[in-house]
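Take this structure, written in structure tokens, and hold onto it; I'll ask about it next.
Per-chain numbering from 1; labels A, B, C and D assigned in written order.
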């Protein structure tokens, strides 16, 4: 009995990862042209934007908030990044774009905290505003530049050697400092995963620079949220704002910070996407789809709207799962209708499963094992 | 009785929180209509001769008629503290497509079928959200994706045209939107009637009164002998019912059914409802406020176009007004010591 | 795939010629023999129409420095592709089209695109071309992924209908660098992207709207105020179908006055509200309307005109869907542009076929321009979508 | 003497909108002493303590710690000054782990920034040991452990901060008897170590067991501070209520009728098994059981809130087993739930709406709700229960605990039930309100309503019940008649030890 439920909860907790694995295996076997390095690299690259977005998005979820403006923020900041590039160069324009993202996040945070508006509502408002500003700034047209060198570097380039050394050193330092306990699964994973990653990175062309950058952003996010005292505060605030307040954690500050981080990652995502393609579209559907996919991915990753729970890594797997799905459907040559249907189906199954377990849990809450044993003998 | 003076004593320690002055009570009651009135005055200032003409006012109403209808039903969902129904667009498109598809059976059967099929979506939502307490936003979003996929697949992304020959049910169907009764568009009459019915349901029926309790505290409602699941189910059914009606209107207006009709009506309706003073936390606000919210959105759009502000800037304005109005509502709630929206 | 079964029989001729391979005819000869010009589209017009060229005026020094009302300002967009120096174009294999593999990157789902794919499929079946369709769903992010996927398929050619005319440049460059020929279709890519495509086919948005602007001016007696309901922001018609008529009318009918222009995101309700508001605001000054789309924009406009009793307003619109044609027939609309969706799809693949056959291609090939009016609307019925 | 004072509040006041919750109170709390704080609901005890704990930044007056004046304007300032507080409402974050809850705000770190998980678990374990919960896995989430374990975790968390002044705000309301004993051991231990302890409770017996001093508050004012040895319990009650209470449990006058309610073999697997009992018309049937014995589950099964697996409920010889709770209500049942905040009241709505909430189906015909049909139940209940303020339009959330409980009772009385099940009707309710509730319940029984009383308050059980069923581990194990009913016999029976019970 107990063991069974343990396995189920283990599956449930790692469902995004399992889905990724299952989908990959399935596609490798059945989907034409799926299983090759080039395609895997494509999937990883295409997951980058949403992966970066979902770093901040997950944090906002952990805080028991939601930010519907991420898509619009990503689009607007990407537009800004491209629009300013001719005058400022990539570096400066990226900084400006990220600053704009942070400002949008700050606005969201202040509206939620100070005006006490539910974030679902407040960010619908922000989304509308950004949509207007986006249109104004772009004049309804795409912004682009003719220099593709950066985009090319992001997709196919190589990092300079010093960068590679720094990153590997950081990974090694982290692993050594965290003193993994080899007896536990977690400990083994802490050793194996970075090793596999480093080997793959150095020996194959699987990880483009943009993927590495995404990994770095995700790692920084995971490090802050899961491994620092400051980051743990997000969970406390989301889990129970009162606990946080009593423990001297400034809940308002955390919520505002959460939104700012969310704005920053959204703008980073948009900017990096814009850099990759040297352009940014003015079609708003870009923002809408980014929001919806990120939302579904984060939920499938196991983060809950009720707050206090969530993992950036699992969100990443959620994003990855969707990209594999899209790619697979493309490989089969199926239409978008199938894609959106499966998208909805997976989300529905996950949401329903979650609701159903809660429902069961509520129904059986307080059931006593010794009485259950008795009941079994009664029924026999 | 020994305890008697004690009660009286502690009674004196409470000043009556409910004692409000007349003006603030009026604002409490009128709520969003104060804002609507301000907009009307602004409109008169902007265009003294043209704004207050019956034609223009009818235009405003006509433009927000369908929004008004979806918001009317969706407010039941929000009132029951279920946040939102993101599947409104698919219910709209679905009912429209089904109606057009079945027009050959005759006008009335087709409409009925359209509404029934649209309400199927609400039924599923209601069962999953009401009975299993799934998160409403996420579930209805999944539903929206799924239905969109199904509609695209079944009708291979095509537009469905009704037969427009005069005298056919197709012509009658297309005429629904264009119908006028005593110079007032049928759409507006339907909308007003729906609001009156909704008001009666909310205030005068067992369901409506229990809905308020469910929205206020769902666990307490369960322990008060209210069938919470059924109540939430009904709320979603009502939402899909009005969405289906709006879907029939929008299909009739466009003279064709296609899967993307109704896009955007999810957020738009939520916006109108929240402007109207209904709180996401449930059990707050009333249906006339929602109508007010709908009118404010129509007026705002109209006046901004009058001033000559392009759509892009209008978005900025609407967003800002939206946040400001909601902030005002929550401020009001907080001032009387209630928790926020 | 979206191939429909009932059409499959039609292509028997194509199929037999493949099996006739034993006769010693080469693929090239066979594919040159196949006659696709006799295929009739669902609107009764030939599926493949003779394409047009157009005269290209001198490029101004600095187009962007000119005012938006001057035609020169839009030169780079309007005449994109004509003078482009192509880069690294793959050579034609010149070995015939039969049995080739093609990937169609279409921009998104829309009834227009369903018709487009219909036309496309008919040609594909005629030549027994193996094709795969990737649907960008109007989302640049999705299309950028699909480009990688398309390259990964290693097709003989890519038919590329970009979601975004400008942002597609790096995508086309990538396909080009993978050595795969591109036939761009429908939306004309910006100059930067034209470098990488072997050819482009599609409607001449600018040309058509200059044409319809003249028709519009004639209908209005070259005077009076008009307004423009624009296309969806972010799309290329958002500019083409706005500034082609504006710049044209400035020269052709200088007395006409542009009162307003705005987008209603191609929604009927929004258009109705917008047009109603304009009519109230401008009253009798408003004498004409140009619509960038003839579907929902037309429906909304029609309603607004009826509600305000202003059926006198002259309306012209783009595209030829059923709604638009009906409006022309009813006299609500005085003219719409002719743009065969099936033809759009067919010509794109046919151009690829010509490429496979080793024929010389024009860098830009427009679908023929035509204004459908009440006089000839019946020739184009039933509508394709 | 002066250097014994650990904490002193001087002329402190705190005002809420509409209430002066603490009115010019001055008290001294000594080291090495347990100082009890008593008073009716809404007397201002919690508010005074929250002030010390730094929950309010707008109090007036001075708070002195070790003779030094401190401005305790935030919980972290208070914590730094050595104040620890165990709150009346649990303040744990449910989705996160026990360890993180215990160490919230002071997670151990290594290399200055990285959290040290091993150390975290070790420290959490240490804290848990102080409340004898060392067997608990600190990585479990709070949502996975039971209510009383959570209460103990809360205590462990506060003690982990090593406070020198410790406040317990009604810590025992969610604890079992054994756990209470353990808690008292812990408190005595801490006292010996020289800590100043402030203890709030409504249980007079508890106060006599552990307190050294007692301060009584009423209506936000301090009444008196006394040594516990100098004060008799009647005196204490008098101070709390402001008047002498002659006798708590009035004699029953009504006649007990024939068997009215009969529960047969009621079973919900894993919760309650084979429950059978009979209750007569006009009888108050008590249910005795230790915490977690299954009384709440039994009540919920009888009225139909929870599904049952088998068994029948008969009323007046007719099978009325309810399908669900609305069915149960229409068949004359009413159940006053034990948790008024989350399961009883609509805190955001008014008195009137709360009292009428269960009446809606009865006042409706064909789905149309006619408020008129309810008549003046609202004023009737407000008067009968002496709800204060007696304004039907005041929000119930702003009422004191006792009055909230009265509203809850009023809601069920309004349905005029034939069978009323009371689950902890006076938990956390002050003496005055308790008196009113008892009177109303007795009168109800006198008029012929069958009352099932489930309470952990032994004097209440003994004082009110005509007969008591003993329930243990989900089974009814016996029954005690009125004659043999004493607090001792009941307690023994509930522990499964007594020989006093008659088998049913």
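Heads up, the rule we're going with is that contacts are C-beta pairs under 8 Å (C-beta built on N, C-alpha and C of every residue); 3 or more make two chains touch, one makes a residue touch a chain.
Fair warning: this is a prediction, and the values are worked out from it, not measured in the lab.
Listing every chain that touches chain A and chain C alike gives B. Placing every chain at the mean of its C-alpha atoms, the farthest one from chain D is found to be C. Work out the mean CA point of chain A and of chain B, and you get 32 Å between them.
One inter-chain figure worth recording: chain B and chain D are separated by 42 Å, centre to centre, where each centre is the mean of the chain's CA atoms.
Separation between the centroids of chain A and chain D, computed from CA atoms only, is 44 Å. Centroids of chain C and chain D (each the mean of its C-alpha atoms) stand 74 Å apart. Within chain D, contacts with two or more other chains are made by no residue at all.
Shared interface positions of chain C, defined as residues touching 2 or more other chains, are 2, 109, 233, 263. Those residues of chain A in touch with two or more other chains are numbered 135, 140, 335-337.
Remark: the chains found to touch one another pair up as A-B, A-C, A-D, B-C, B-D. Interface residues of chain A, counted against chain C in their complex, comprise 33, 36, 38-39, 42, 45-46, 49, 135, 138, 140-144, 146, 148, 151, 273, 276-286, 289-290, 323, 326-327, 330-331, 333, 335-337.
Residues 53, 55, 74-76, 79, 87, 91-96, 100-101, 104-105, 107, 109-111, 113-115, 267, 269-271, 273, 294, 297, 473-474 of chain D are the ones that touch chain A when the two sit in their complex. Against chain D, in their complex, chain A makes its touches with residues 177-178, 227-229, 232, 235-236, 238-240, 242-249, 304, 306-309, 364, 366-372, 374-375, 378-379. Of all residues in chain C, those touching chain A in their complex are 1-2, 108-109, 132-135, 137-142, 144-146, 148-149, 151-153, 163-167, 169-171, 173, 190, 192, 230, 232-235, 238-239, 263. The part of chain B that touches chain D in the complex is made up of residues 1-11, 13-18, 204-210, 212-213, 216-217, 219-227, 283-284, 337-339.
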